[in-house]
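We just call them A, B, C and D in the order they show up, numbering each chain from 1.
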Amino acid sequence: MTATVSDPDLEGQFESTIARDQRIEPRDWVPADYRKTMIRMIAQHAHSEIIGMQPEGNWITRAPSLRRKAILLAKVQDEAGHGLYLYSAAETLGADRTELTENLIEGKQKYSSIFNYPTLTFADVGVIGWLVDGAAICNQVPLCRSSYGPYARAMIRICKEESFHQRQGYELLLTMMKGTPAQRKMVQEATDRWWWPSLMMFGPPDADSSHTAQSMAWKIKRHTNDELRQRFVDMSVPQAEALGVTLPDPELKWNAERGHHDFGEIDWSEFKAVVSGNGPCNAQRTAHRKKAHEQGAWVREAAAAYAAKRAGGDDDAR
Amino acid sequence: MTATVSDPDLEGQFESTIARDQRIEPRDWVPADYRKTMIRMIAQHAHSEIIGMQPEGNWITRAPSLRRKAILLAKVQDEAGHGLYLYSAAETLGADRTELTENLIEGKQKYSSIFNYPTLTFADVGVIGWLVDGAAICNQVPLCRSSYGPYARAMIRICKEESFHQRQGYELLLTMMKGTPAQRKMVQEATDRWWWPSLMMFGPPDADSSHTAQSMAWKIKRHTNDELRQRFVDMSVPQAEALGVTLPDPELKWNAERGHHDFGEIDWSEFKAVVSGNGPCNAQRTAHRKKAHEQGAWVREAAAAYAAKRAGGDDDAR
Amino acid sequence: SADLEAYCLMLGDDALVLSHRLQEWSTNAPELEDEVAIANIALDLLGQARLLLTRAGARSEDEYAFFRAEHEFRNVRLTELPRGDFAELTARLFVFTTWRLAILRRLTGSRDPVLAAIAEKGVKEVTYHRDYAARWVVRLGDGTAYSRDRMLEGFAVVWPYVGELFVPSDVEERLVSAGVGVDPASTEEEFRQVVAEVCAEARIPVPDAAAIPGVAGRAGRHGVHTEAMGYLLAELQSVARTHPEASW
Amino acid sequence: SADLEAYCLMLGDDALVLSHRLQEWSTNAPELEDEVAIANIALDLLGQARLLLTRAGARSEDEYAFFRAEHEFRNVRLTELPRGDFAELTARLFVFTTWRLAILRRLTGSRDPVLAAIAEKGVKEVTYHRDYAARWVVRLGDGTAYSRDRMLEGFAVVWPYVGELFVPSDVEERLVSAGVGVDPASTEEEFRQVVAEVCAEARIPVPDAAAIPGVAGRAGRHGVHTEAMGYLLAELQSVARTHPEASW
């Protein structure tokens, strides 16, 4: 991490590590752009975990059974934990957590757009587990082989926990589908609301994706947006059938020739609006995070003052 | 209102107005002690209306029928209105509303202790109407003949509205007693909680009441605490029977000799604790009023600044 | 008809839900005069809600209020936003009453005589409500520097939900053709003019912000609400749902 | 027995209701580390509640949690007070865990083997909870001048509800005689000693305030709560009561 100017030897070493599918570690020299891209990627992922606590956290106090309450509380806690690892991973690249938090609440860095949709019934908790965590896993499993070591290792742990969350979400939906007509209706209605936004989680079509090429060369990413999206659709269709819900896409059908499901056109204007800040909950999510952060300022200051006092041996003055 | 030093002529005039059962009006000379007593009395009454909005207001958003919600909302609104007239009546004696409000939130002036009990079910709304408003009316009807004119006139209007509220409260209880077992239980349980505090509303026993003698001489008060309390008990017993609830006093029974109901000993230690600030809700009620007042400060300042600007012809500067 | 029922629920739920938010102001107003005024507006809106839910006709007013699920409520999202501070109250009330007055005025000409009569009564009430709110917009906007900032902030919170007010639902479109309902789009010009006048009087800029979208184009009129709505209904319906067999 | 049921509800409701207030902190903590820690404590308490409500035995844990009326909840009022700020959280959590740890330690010797086992598990958990809370009392008390004031204010809000913790109910008295329950009065000395130690470490005075009475001597253990409780239950029970026939 000493050289700031590009150095042919170091650059060669970096390229060869990547080529050999070995991992870059915090002590290794990396090109400035790799560092920047990696920090941005990890920070966005961390922010997504933190903001993602809000839509689900919205139902903790109202969860209709104590078992579901415990599961949901543990899940939201896991997301805070994921945020913590990921901020730590970003710190190994020289980023500062306080600064990253500022970037989030001032809208300078993004988080996954999926969390800008509201959770409107308890079925949303299940559908987020099933579809949103499902899509996240599709996105993230390849990241366990990311070229940057600390991120890859964080992703292994995160993916394990997310698979667990996904199964829990799907199991909640199975239970609800065996329940009252009102419960079944809730599940269908939540599926209708979350399906298309879940497909948007894979980002813009490959043709419009600005970061993909370089990220793939650096082995930060391993598959294109459209490849992952297709994988997700193919995976979800039989799950929906097993559940007994209809995915809200009349064009969705098996294409034997491609060996994949065809599906309808995504509303990219909605995607762009939400990404650029004008989704149903963007303002609410950011304002909430900002408020919590500001209301915690005096607490963080107190902790810092206390630590400084004790470090300074102020005990003697007692 | 010009003489500050006692003047035999003015004092004679005052005494004779009182003796002839005529009303003292704002322009009339009054002894300093009469003024002080009257301001204290009216202010405490005004504060009671304002604080009294809290326990009932607590159920507006949860009222279980739209009709009951409208009735309750109107009632709490009436209480704000009563507070307004009463502060105005106090102002005719030279008091300042802002100062009276400060006295309330700083605990320098009291309000009726009954409002330091919590409202725990919707039945409390009915029982407050029946018992608390009932007791208030017993206390207040004689005040319609108070020697101080503005107060007497305010009381006439207030008593009219309170009788209406009392009937509405009682009618709610009648409806609930015709309802489910859970509803009947709620009514009984609320009656159990409010009965004794209602009896305490008439103040300490005559033997211990410090203000009564002078207040009666000035015809500010017309009956002793114990007389009014007995009247209230005699009135409430047949109402409880009609309703089908048991008043929580095993010693309560008709005494043919006295022509009144005998009743058990009031827990005066509880009364003293609540009056001196340590009831179940004293801190909560005062803190709530204080918070609302403080949160409104910027609004009142804005209104004052605007009024000053417009009065100053600032319009030209536009 | 189903359309008439849905339409009555739309206008009725707007009143019911905003009334709830105003009820939350009870014991919290900056002055006793405002305490009285806000309660009065809450009462009038509650009264309008009761008439409209009754006109909806398929169920009783209490069944509609206390036993519908969130997605069956048809109010615009503006009405359900959390209580907020006095500036948000002022901004929301001003926006809402300006819009509703324009709707109700047009509704007095409805072919449905009951709706026309409800509108007639409502016009008188909401005229007063709008006046109350507009006077506070002016006093806060042209009061202190601090109150001006808060007033602008209040509009910033509320304004993104204004766009929704002028988008007609299918039901409204059909009832406009039938001469029964009002096209909300037809009120926008009047709305913007009143806002411009009052903002000028308050010496503040006319608010401007992108409209917050619903979910896949569906918002309050389609039963798609904000996350605040569930908590509101949990409170509103709590006693009634705890005692489903009771009468009050 | 009815006494054992009532006793399990007391200890179980304490955990259930305070867990709810901690759940309200989700996404609101000052740091991610506290986010994780508070959720963890909420989870542990929820776990204790589930074991205790199950041991209560006459109904399922969910029937107890979601279908009892307010007056059937037996938690002390301390647990139901509104969420408050981080200093109130700290004060309440410190007071509660210090008390509960003392209760649970004694309960490990209960003649009821299930209660003893639940207590055994709880002691481990609550030891950690108390440590977390005590460390924040010290950091806030001995942090900045501002945090010290807030910490004192936090204790001022919470302390009036401490008296209730040491008053045994009839049920507890009978179960103490039977060797099954713990006399809460027996924990007061230990409680006061721990508080004194931590306050000394935090360089703040030991809190002191008159105990807030119940209504006619009846408080949380008798089902007489504060006005905050109704709102808490309205939220906690809202989905379950909206779908009484559902299973989740």
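Everything below uses one rule, namely that a residue touches a chain if its C-beta (ideal position, glycine included) is under 8 Å from a C-beta of that chain, and two chains touch if they have at least 3 such contacts.
Listed by chain with UniProt protein names: A, B = Ring-1,2-phenylacetyl-CoA epoxidase subunit PaaA.
Bear in mind that the values here come from a model prediction, so they are computed numbers and not experimental data.
Chains that count as touching both subunit A and subunit C, per the definition above, are D.
Two chain pairs are in question, B-D and A-D; the one with more C-beta pairs in contact is A-D. Ranked by separation of Cα centres from subunit A, the top chain is B.
Each chain gets one centre point, the mean of its Cα atoms, and the points for subunit A and subunit D are 35 Å apart. Mean C-alpha positions place subunit A and subunit B at a centre distance of 58 Å.
Centroids built from CA atoms put subunit D at 41 Å from subunit C. In subunit A, the residues touching two or more other chains are 62, 182.
For subunit D, residues that reach two or more other chains under the stated contact definition are 69, 230, 234-235, 238.
Taken together, the touching pairs give a contact graph of some other shape, not a line, ring, star or complete one.
Chains that are in contact with each other form these pairs: A-C, A-D, B-C, B-D, C-D. Interface residues of subunit C, counted against subunit D in their complex, comprise 69, 230-231, 233-235, 237-238, 241-242. Per the touch definition, subunit B reaches subunit D in the complex via residues 55, 58, 62, 117-121, 182, 189, 193, 196, 267, 270, 273, 278-281, 283-284.
Subunit C meets subunit A in the complex at residues 69-71, 160, 210, 212-216, 224-227, 229-230, 234. Residue ranges of subunit A in contact with subunit D, taken from their complex: 50, 53-54, 57, 60-70, 73-74, 76-77, 80-81, 83-84, 87, 122, 172, 175-176, 178-180, 182-183, 288-289, 292, 295-306, 309, 318.
Residues 16, 20, 23-24, 26-36, 39-40, 42-43, 46-47, 49-50, 53, 61-62, 65-66, 85-86, 138-140, 142-144, 146-147, 150, 203, 235-236, 238-240, 243, 245-248 of subunit D are the ones that touch subunit A when the two sit in their complex.
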